[in-house]
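As written, the chains take the letters A, B, C and D, and residue 1 is the first residue of each chain.
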Amino acid sequence: MPTADQLLAAPVVDPPFDIVRAAGAELRVLDLAASEHFYVGLLGMLVADRTTDALYLRGWEERLHHSLILRRGPVAAAARLGFRVRAEEDLDRLASHLTGEGLHTSWAQEPDPGLGRVLRTFDPFGYPLEFFHAMTHCDTQLQRFDLHRGAPILRLDHLNLHTPRLEEAFAFWAALGFRCSEYISTDGEGERMTGAWLLRKPSVHDVALTAGRGPRLHHTAFWVGEPGGVTRACDQIAAAGHSDAIERGPGRHGVSNAFFVYLRDPDGHRIELYSCDYYTGDPDHAPLRWSVNDPRCRSFWGTRAPDSWYDESSLVLGPDGEPMPTEAADVDERDQRSEVLA
Amino acid sequence: MPTADQLLAAPVVDPPFDIVRAAGAELRVLDLAASEHFYVGLLGMLVADRTTDALYLRGWEERLHHSLILRRGPVAAAARLGFRVRAEEDLDRLASHLTGEGLHTSWAQEPDPGLGRVLRTFDPFGYPLEFFHAMTHCDTQLQRFDLHRGAPILRLDHLNLHTPRLEEAFAFWAALGFRCSEYISTDGEGERMTGAWLLRKPSVHDVALTAGRGPRLHHTAFWVGEPGGVTRACDQIAAAGHSDAIERGPGRHGVSNAFFVYLRDPDGHRIELYSCDYYTGDPDHAPLRWSVNDPRCRSFWGTRAPDSWYDESSLVLGPDGEPMPTEAADVDERDQRSEVLA
Amino acid sequence: MPTADQLLAAPVVDPPFDIVRAAGAELRVLDLAASEHFYVGLLGMLVADRTTDALYLRGWEERLHHSLILRRGPVAAAARLGFRVRAEEDLDRLASHLTGEGLHTSWAQEPDPGLGRVLRTFDPFGYPLEFFHAMTHCDTQLQRFDLHRGAPILRLDHLNLHTPRLEEAFAFWAALGFRCSEYISTDGEGERMTGAWLLRKPSVHDVALTAGRGPRLHHTAFWVGEPGGVTRACDQIAAAGHSDAIERGPGRHGVSNAFFVYLRDPDGHRIELYSCDYYTGDPDHAPLRWSVNDPRCRSFWGTRAPDSWYDESSLVLGPDGEPMPTEAADVDERDQRSEVLA
Amino acid sequence: MPTADQLLAAPVVDPPFDIVRAAGAELRVLDLAASEHFYVGLLGMLVADRTTDALYLRGWEERLHHSLILRRGPVAAAARLGFRVRAEEDLDRLASHLTGEGLHTSWAQEPDPGLGRVLRTFDPFGYPLEFFHAMTHCDTQLQRFDLHRGAPILRLDHLNLHTPRLEEAFAFWAALGFRCSEYISTDGEGERMTGAWLLRKPSVHDVALTAGRGPRLHHTAFWVGEPGGVTRACDQIAAAGHSDAIERGPGRHGVSNAFFVYLRDPDGHRIELYSCDYYTGDPDHAPLRWSVNDPRCRSFWGTRAPDSWYDESSLVLGPDGEPMPTEAADVDERDQRSEVLA
């Protein structure tokens, strides 16, 4: 396995396409009404559109049609992880790149409402990725403070992937032009990377890689304007009788500096409300290293995350529409228990 | 006129009745629907009850039936300033005291919904005061974060009176058992008090006296849990298209330390959203003096209040139901302009 | 045992003395320099005075000389729990009352700096109580925002006692004039009270009783102006390398509505930073009941407290200066595990 | 003059160099000790370096050596407005571009501490611009919450230019690759743009153009993590006796959504503390239009800015080291007073 140093020493790639940012996720849910209650009723997200089987949502700042799709399905799973590219031509160039990497690509036959061309693939680890440029524009509701509900959720921020082969995944995303802002690694000889925060937009990340059984989606994160919004969301969720949806936090991350809380939706999909990270847009912005043995890296205040946070994640759907089989990781990033497991 | 020192040197009175706190106000409004939009729609207060002519409101923390009455009337004015006493017997003892002071008292013939006996008087300056003990109890909504709207407004905090004869008013309230937490006075020989903060509950005040034309009600203040609630209220009011309702602030008071904003309702009645004052319950809590020439006493950050804040106030209704005539004050507390006017 | 209902149905006592509020604590510490680093360096409290063996501290709002004494000793323990009375004469009347209850009282021979007469006793459960009226006044530093450090800590708010005989302790404090704002009790026949919040000043409490092994001091709580101060304190403590001092939270209490965090000082003494409770000063303010099986009562967001929070507390010093022996409680208020233990 | 629509309809330029962001300013000050007191003592900025004549400062998040230079000089003025480019080669390409625009360029002979090559020019309006890529890296202090002082100031965010020929300036910056996020314009036929917010990094702006007498630097803005930091800074400044340094706010901008305050340093240079803007990195992010007659565009809460905010700005130094002469603008963006002046 390449060490953390080797991964970070690889030359920065400037690929011939431009992925702007993480831009969406599609979650399969068993009970769409329960999901609507959670995302719209409790979290206060905006409904962009709805069909019999699906709900299209966005945050209050967002100007594109939707960033989250909830679709009724027979099994709770993540069906799509979406990214926006700078221009239509980037889709074609990206398709070439992916094909060159030996991946199968396709164009969505029936794109969702608001969407133009959508390029789809399954990456080498089984994650169902999709890329688009064109999407219907909407008016921002950022300053409709009189209508805001919940934190409020302003916009999709990032996707976190539970991945059994983190080093390989790191290289895959680096080849797509993602840079690393922070990482966690084991100590001593042959440092193994156990977590990596990778970005296109100049925030801490668009994609995080968390070492663990996968391919699974660890969580989908939404941006909240300030720490007070994160705690307000918790107060509201608890007041409505759903305190069991609060899995971890609120707290301060060491990695990313974010003030956060993790929630679990009615199907167990994990949502992070995320605020307070920092600017990473300078070209020579150097990755910050955290030791997996530093109790502050995951929770700056030293609070241990519950085991569920390390163990549970959403399955992802494979090309056949069935959940992808998962494999275990040989390294784990549980705080203060960094032993290589296999 | 007694100087500030003389007023404060008077022995503390321990009267044979116990006024617990400022507990309500009745405002006469021209357009009840417009008022409902302001207090309920924009500020998010709870509706306790309503009749054809009146709306009964309270804050989210409050356990008594109402703290604010809006009643349709031919002229915008303050009709009642309410205080709660510790026990029913206190009403009788207070009635005796007021009669002894030469005031006319009466018992409300048709108390408002939720109220027991109500003792009414007009104080020597013309303010329409009322006192009660019994009021219907309600469940607090303090932790219904999922339902909260606005700042949210938690409870009535205090009443501020524009008074032309501040020294006399100070003595009147002192005889009712009110202590002074802070005051503003002119500098030099024969210091004139131009503002006084008087309390029964151990906060900075239940009644404030502001030197100026009166009798008029300068403002009714509601408690907000934290500064972020004050600014949230402003964001919501402005987003709803009513930024002209924001008269002064948000800001930090020097006096009281409060983080505040002043609003004007559709009839021009002034409302303060007020947070962050401090504990004053110790028996020897000494009054803090501010010089009227200290730019930080009214606005700790030095911001000048608009002239409207000094000049405009709500008329009060007299015994005949007509607005009381007002008289000018011979001293003014405008910052840095402390000259005795007459 | 009296049930919760029976305890609350007892007539409210209006004793012939007036205890104003909880006003101080003296903690014995093994390493005074380590304690100074924690309370002054990390928490930013003000140093009122120091001797070779003791440090006298107060919060930024406080106008009395000190509210916390740290004194070097051979064993970490709580040596005194202090309360202020309204007048000197209250001390004498209180002494009579305590004697009448069969307790031994004494007057401190060498009062600490800043203090006048100090009445001392050990209550029937072994808690070392003291009462005073006179203490040197100091200027408040509430508005020295330029000097504030830490949360900042504004003032002492309450003391929480771990007590094996909660019902008896409830009656003892009720006889001292303390009212109940909230309580936790078991469900079903013969409800046992497992927690009680008792007040003199009109906040949620001056003294809390927590069912458990005792007599022990569960924690000393300080008031912080807003939730942001509580999280800022955590950020600062963690940044300084002491995240292990953060035991529980930050979070929202169901009981009291407080936004809180619990810290452990170098000797294990527990400190709460506490904000956002509410007004309780009305004479008929009714106690709120929580079921011990309601996961929101201790942590509104449903977060479980660590076992240490239930199990560990500071011993108290007895008349001989040695730690008082403790006895177990037959009821416990651990959330969702309310079984009567013995 | 081109109308606002015409300016925005121009094709987006993708120049052969990449300016990353606004990255610094050099202010000339009369009394360096007074400036140090303001920026370091009151605002809590970090001192990166100092010489006899200059002070090099940065914010707590920043990883480059400095973002603000204060240099003693005979006249208070802005000497340099700095921008970072992506790579060394961008400097050469940019030099070619500027030469092609008819501008004189030069390379700094004695770059300041920490800096590599610095390309300098005076733009067609007289602003002293400089561009660099290489600067010494430093450790971020973002999470040294225990050491933070002031808001704290995290990083330089943008520069605001008072410009008499806004339309021409808009075209100049557009040719450098700056996009527009928001603008203010007059109403009716031939809309004149009176304010423009232009960006390279995906925030609301790196450079703002404000119609008015110029060339002058209206203000230098620093990023603060949350609104509470902005008000904390005001509290600290006022507590230290410098409330006169607070010129406008705190408040909410309509444009940019920022929660802000404007300060004046001892030489009158204007500093903005700025938080809460939003993501603008999508390629088709459309500019938001505000009418100059909308009272919410400058102050969402409707508060009028003081005249000083419109009238006063820092002179800029010309090629001879003397302040550049200024010319008046023929349009003004004062709220509700949008008449074309000349």
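Just so it is clear, contacts are C-beta pairs under 8 Å (C-beta built on N, C-alpha and C of every residue); 3 or more make two chains touch, one makes a residue touch a chain.
What you see is a predicted model, and the numbers here were worked out from it, not measured in a lab.
Chemist: Looking at A-B and B-D, which pair shares more C-beta contacts?
Modeler: Top pair by contacting C-beta pairs is B-D.
Chemist: What chain is the most remote from chain B, judged by the mean position of CA atoms in each chain?
Modeler: Farthest from chain B by mean C-alpha position: A.
Chemist: For chain B and chain D, what's the span in angstrom between their mean Cα positions?
Modeler: The separation of the two C-alpha centroids amounts to 44 Å.
Chemist: Mind checking the centre-to-centre distance between chain A and chain D? Centres are C-alpha means, answer in whole Å.
Modeler: Distance between chain centres, rounded to whole Å: 34 Å.
Chemist: Chain A to chain B: how many Å between their CA centres?
Modeler: Averaging C-alpha atoms per chain gives centres 51 Å apart.
Chemist: Residues of chain C touching 2+ other chains?
Modeler: 143, 227-228, 235, 237-239, 300
Chemist: Okay, in this complex, where on chain C does chain A touch?
Modeler: Where chain C meets chain A, its residues are 227-228, 231, 234-235, 237-239, 243-244, 246, 250-252, 259, 295-296, 300-303.
Chemist: Provide the residue numbers of chain B that touch chain A in the complex, in ascending order.
Modeler: My answer: residues 42, 143-147, 228, 232, 235-240.
Chemist: So in the complex, which bits of chain C are touching chain B?
Modeler: 20-21, 61, 63-64, 84, 86-87, 137, 140, 142-143, 154-155, 201-202, 223, 225-228, 254, 257, 276, 278-279, 281-286, 288, 300
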